[in-house]
Amino acid sequence: MKLTAQAAGTFAIAPTPFHDDGRIDDKSIDRLTDFYAEVGCDGVTVLGILGEAPKMDAAEAQQVATRFIKRAKTMQTIVGVSAPGFASMRALARASMDAGAAGVMIAPPPSLRTDDQIVNYFKQAEEAIGDDIPWVLQDYPLTLSVIFTPAVIRKIVMDSKSCVMLKHEDWPGLEKITTLRNFQKDGSLRPMSILCGNGGTFLDFEMERGADGAMTGYAFPELLIDVVKLSKAGKRDAAHDLFDAHLPLIRYEQQPGAGLAVRKYVLHKRGVIASSAQRKPGAGITATAKAEVDYLLSRVARVDKRANFQPQSSAAG
Amino acid sequence: MKLTAQAAGTFAIAPTPFHDDGRIDDKSIDRLTDFYAEVGCDGVTVLGILGEAPKMDAAEAQQVATRFIKRAKTMQTIVGVSAPGFASMRALARASMDAGAAGVMIAPPPSLRTDDQIVNYFKQAEEAIGDDIPWVLQDYPLTLSVIFTPAVIRKIVMDSKSCVMLKHEDWPGLEKITTLRNFQKDGSLRPMSILCGNGGTFLDFEMERGADGAMTGYAFPELLIDVVKLSKAGKRDAAHDLFDAHLPLIRYEQQPGAGLAVRKYVLHKRGVIASSAQRKPGAGITATAKAEVDYLLSRVARVDKRANFQPQSSAAG
Amino acid sequence: MKLTAQAAGTFAIAPTPFHDDGRIDDKSIDRLTDFYAEVGCDGVTVLGILGEAPKMDAAEAQQVATRFIKRAKTMQTIVGVSAPGFASMRALARASMDAGAAGVMIAPPPSLRTDDQIVNYFKQAEEAIGDDIPWVLQDYPLTLSVIFTPAVIRKIVMDSKSCVMLKHEDWPGLEKITTLRNFQKDGSLRPMSILCGNGGTFLDFEMERGADGAMTGYAFPELLIDVVKLSKAGKRDAAHDLFDAHLPLIRYEQQPGAGLAVRKYVLHKRGVIASSAQRKPGAGITATAKAEVDYLLSRVARVDKRANFQPQSSAAG
Amino acid sequence: MKLTAQAAGTFAIAPTPFHDDGRIDDKSIDRLTDFYAEVGCDGVTVLGILGEAPKMDAAEAQQVATRFIKRAKTMQTIVGVSAPGFASMRALARASMDAGAAGVMIAPPPSLRTDDQIVNYFKQAEEAIGDDIPWVLQDYPLTLSVIFTPAVIRKIVMDSKSCVMLKHEDWPGLEKITTLRNFQKDGSLRPMSILCGNGGTFLDFEMERGADGAMTGYAFPELLIDVVKLSKAGKRDAAHDLFDAHLPLIRYEQQPGAGLAVRKYVLHKRGVIASSAQRKPGAGITATAKAEVDYLLSRVARVDKRANFQPQSSAAG
């Protein structure tokens, strides 16, 4: 089932599980996918920035995407196809859709500066992959160093019928959601899904501003799912109460570069992936940091019992 | 009293209060300074990035610094003297010390890239202001786009006897504190104060990693003071409990660019400054954002009664 | 006489002469200004990037600008007033105009990224200095890292009646001149002067594309003047012949950072300034580089006798 | 024959020939390779920045590299293997060496900032490709935005025995060559080849500073070859005379982004490649620019008869 502008809920951004020696860990891919399905994710996004996508060669990227897609079954899978050039982008996009992906996600190359450069890039990207593939626009200035104004996003979306979703992770970003939703009210922007990233750091208010859900890699997707649902149900205080209990850990995970090590550590601790290893170049996690995460987990567990799990192995991570 | 490497506790980063028409608001400077003293700050840092320093001309900058310094009395005042050139830096530094400042703070210009460029810049800066002025090294890559390795910080500090403090706001930054403290343990780095910024977002763990305190602009310096004290007293859970209650607001204030508007809004609401106006170019705060801040304040107030104040005026901000 | 959109010819970008100990050298300012007048420059631009403007404090900048303006007499003087904030920009702009400047030049701060940010910045800048001051827009991406599309330049110019000139130094930049001139032909852009920088590296073709002249710091302004005149007279081959004889030296001078040292060395050698010293932080020039410049001068002199001068002193520079 | 630290002479940086519809043009690869051999190049470097490498997918890159390598016969072929990740870098490097390449070239990713980050990256790169592959370090800050100090280059080279060459295109870069050669004189740096890029803009003096030759894409490799030889033979004036005749065109070709279109236009005009097409996103060349290049060629031809060729087809480019 292809991605549409009505997509909503929680899409987990999946890390790519590796063995300690750097080989791709297929069994952990399966377990991770099952985990996302079991906790109730609506979709999974693979080969994103968090997924160490550039560290894989073309054949590996295709293999990983396919493994996730096949295992995801009823969950929609979005494949990150950002690449330095359109030929590679197209190859991965077509292969992913052939394997059953719901859509693809495209981030801008860091060299783009002017509004026109940005708009033209995505026009060419859509042309490259083909306009039959639903795609997600990733707006993540902190890491990608490309700044989209709301008007530029509107232009991209209005230029490309197959752009169905914004992965929103500008910072600050709350007013941007409001502006885009106002564009839709005044009829200048067609409907599109807005799912939020940034590790969930502003999910509480993003939902209130009109987001459709979350698309991020927090190691407790359960929390994202609950906040999205509570917020949609109008249970504001309950949404914030739960969110606030997790925020200290969310904040800890959202450290640039270091965050992936924390996430893999927690997912490993939860028994979901067999190793927290990253491919080079990658950040490690010190014993002190592990202890800090453990302490944060114990504090979350006071409010959210799901954080009260036992380490998978004594030599975690 | 001049700043030393033993400095500790909480230094508030002061915004510069303006009238609605952009003129400097001297009375609000006085009230703001008194407020910091009353809640128990150990010092105040003026003309920092938060303080809209570049928006003032040379005469105004000197006037603002002097007003704060004179009013601060027993509190130590640090003056941000970062400038595009050393002549301006020297002029403000000498004038500030003559007026009674405890020290100055220097941030690197964004053009610095290599380790040598960074080290040489601070050597020349110290030479420019004179080695009799204690100074604070500001390490703030997110905004300044200059990346200091721990070894580069060590080199700068060992090259300059008058560098007595690191304003630490790298992100991630916890391991950096540990590395610097280890340098001191192994004798390769002399003692220096480390005060932490980033709006306080990681103050809970920064204290545990060995920081001496906080230097940041959170609109509730009381929280910074308490967390610093509780952490130093070894009351870990109590420190985190209080910190966590404020974290949703801390996070909201720490939005790049937008944060200053939030801080001025809260300080205005607290009755400390007469207007939340910024000089151009400046970010505003929408009605929706104000309502979000009000909601966050009401939630903080459930745990910390000090957040339970009434708005100063009905036309706040 | 104020700068207008009809300005044309050659405006020399003046370095700021310093004594070896870093003090401003007033007598060399006089001699340099006289030199520019004698060779036939139409104007002089001071306190630009080449002029080490940020290395002076506010009082010094005003003093240097005034000295040049008073001495320039019939030549028009443009003062660079770019500053990190509008208060400083306004102070220098008003003081310069009071002293008799023809106009001011404004470069964008490096943080500007989107089209809207750029357009808004210059709207606020015009508002800050007052709309009675003719100003020059500096488009220099290599150094300033801000990228103006032709449409953005048009918007800035159409928004501000007092913007009368573009200092054009984009790279590549030839098509940009053509596009802007076409905007004027189709009536969407009002008349404005375009003077070219980049050390003159593309002056031969820039004139053919429609530029009105040169505004740059090549140490032989005579060459710029001649090429501008020959090109306007339709003597294409003669213009290129003279230009090509100088290009090896033009290219050598146009090395980022290092170029200023070369220019001051040549101007010193020509007897125009007393010292080639720069304020810190500044680049020096090695003995090998001096010998290379001397060799290039000797080669230029085979075609252009004016390059056949004797060193001012044996211990030049 | 593998690349060694004794490599010298002229290595042409080859563009990748495409058909008008974007397909790889194998016959033009053959003709281009033969052309380089016939004029006397010592080697050819493929899939560099000029070669539109990122626009090809993994299979295409391997195909292009192999085609060049097989055709080059006695000429050494260097393959650019820069990639966002080490898995892709390794795959292309191993495949290229298996096909008979002499070595590979590695450029840094733009995210590298501190000296340690740079040094570690190349340590990991060497580990990734295997230490049996001779490799070239590309130092090109203008495009890659990574700044290598001479000491960092020394560290990289001393850390990796298989690094045999520096592709030098820093700007300014003359003093850097001198510094590196001095490192070798004082014994702190082992012998390595230095070949110069930047379109040849400073080749005249780079040779005098100690470079071993040229590695760049100027559409007249004959000029590079001659300047290298004349300079090595100590015929300084002759080298400069020939160089200066070409400099106006060299400068025109060296426009960032636009330069490739000029080179492909000239190579097409010379009858070497069948089309001047670039893959998207690519810069075009206007009729005015073509006329400017034609004029420059006619001027070069007054001194260097080899520039006096007739267009290959009336519908050039």
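The first chain written gets the first letter, and so on, giving A, B, C and D; residue counts start at 1 in each chain.
Convention: a residue touches a chain if its C-beta (ideal position, glycine included) is under 8 Å from a C-beta of that chain, and two chains touch if they have at least 3 such contacts.
In this text, all values refer to a predicted model and were calculated from it rather than measured experimentally.
Colleague: Compute the centre of every chain as the mean of its C-alpha atoms, then state which one is farthest from the centre of subunit C.
Modeller: Farthest chain from subunit C, going by C-alpha centroids: A.
Colleague: Would you mind working out whether subunit A and subunit B touch using mostly the same residue numbers, over half shared, or mostly different ones?
Modeller: Because over half of the interface numbers appear in both copies, subunit B and subunit A meet with the same residues.
Colleague: So which has more C-beta pairs touching, B-D or B-C?
Modeller: Looking at contacts between chains, B-C has the larger number.
Colleague: Using mean C-alpha positions as chain centres, tell me how far subunit B is from subunit C in Å, no decimals.
Modeller: 39
Colleague: Roughly how many whole angstrom separate the Cα centroids of subunit A and subunit B?
Modeller: Those two chain centres are 33 Å apart.
Colleague: Taking each chain's centre as the mean position of its Cα atoms, how many Å separate subunit B from subunit D?
Modeller: About 48 Å separates the centre of subunit B from that of subunit D.
Colleague: Can you list the subunit D residues in contact with two or more other chains?
Modeller: Expected reply: no residues.
Colleague: What does subunit B use to touch subunit C in their complex?
Modeller: My answer: residues 54-60, 83-88, 90-91, 110, 120-121, 124, 127-128, 279-281.
Colleague: Which residues, counting only subunit A, touch subunit B once they are in their complex?
Modeller: Listed in rising order, the residues are 171-172, 174-175, 178, 201-202, 204-205, 208-209, 240, 243-244, 247-248, 251-252, 255-258, 286, 288-289, 292, 299.
Colleague: Going by the contact rule at the top, pick out the subunit B residues touching subunit D in the complex.
Modeller: Against subunit D, subunit B makes touches at 113-116, 147, 149, 151-152.
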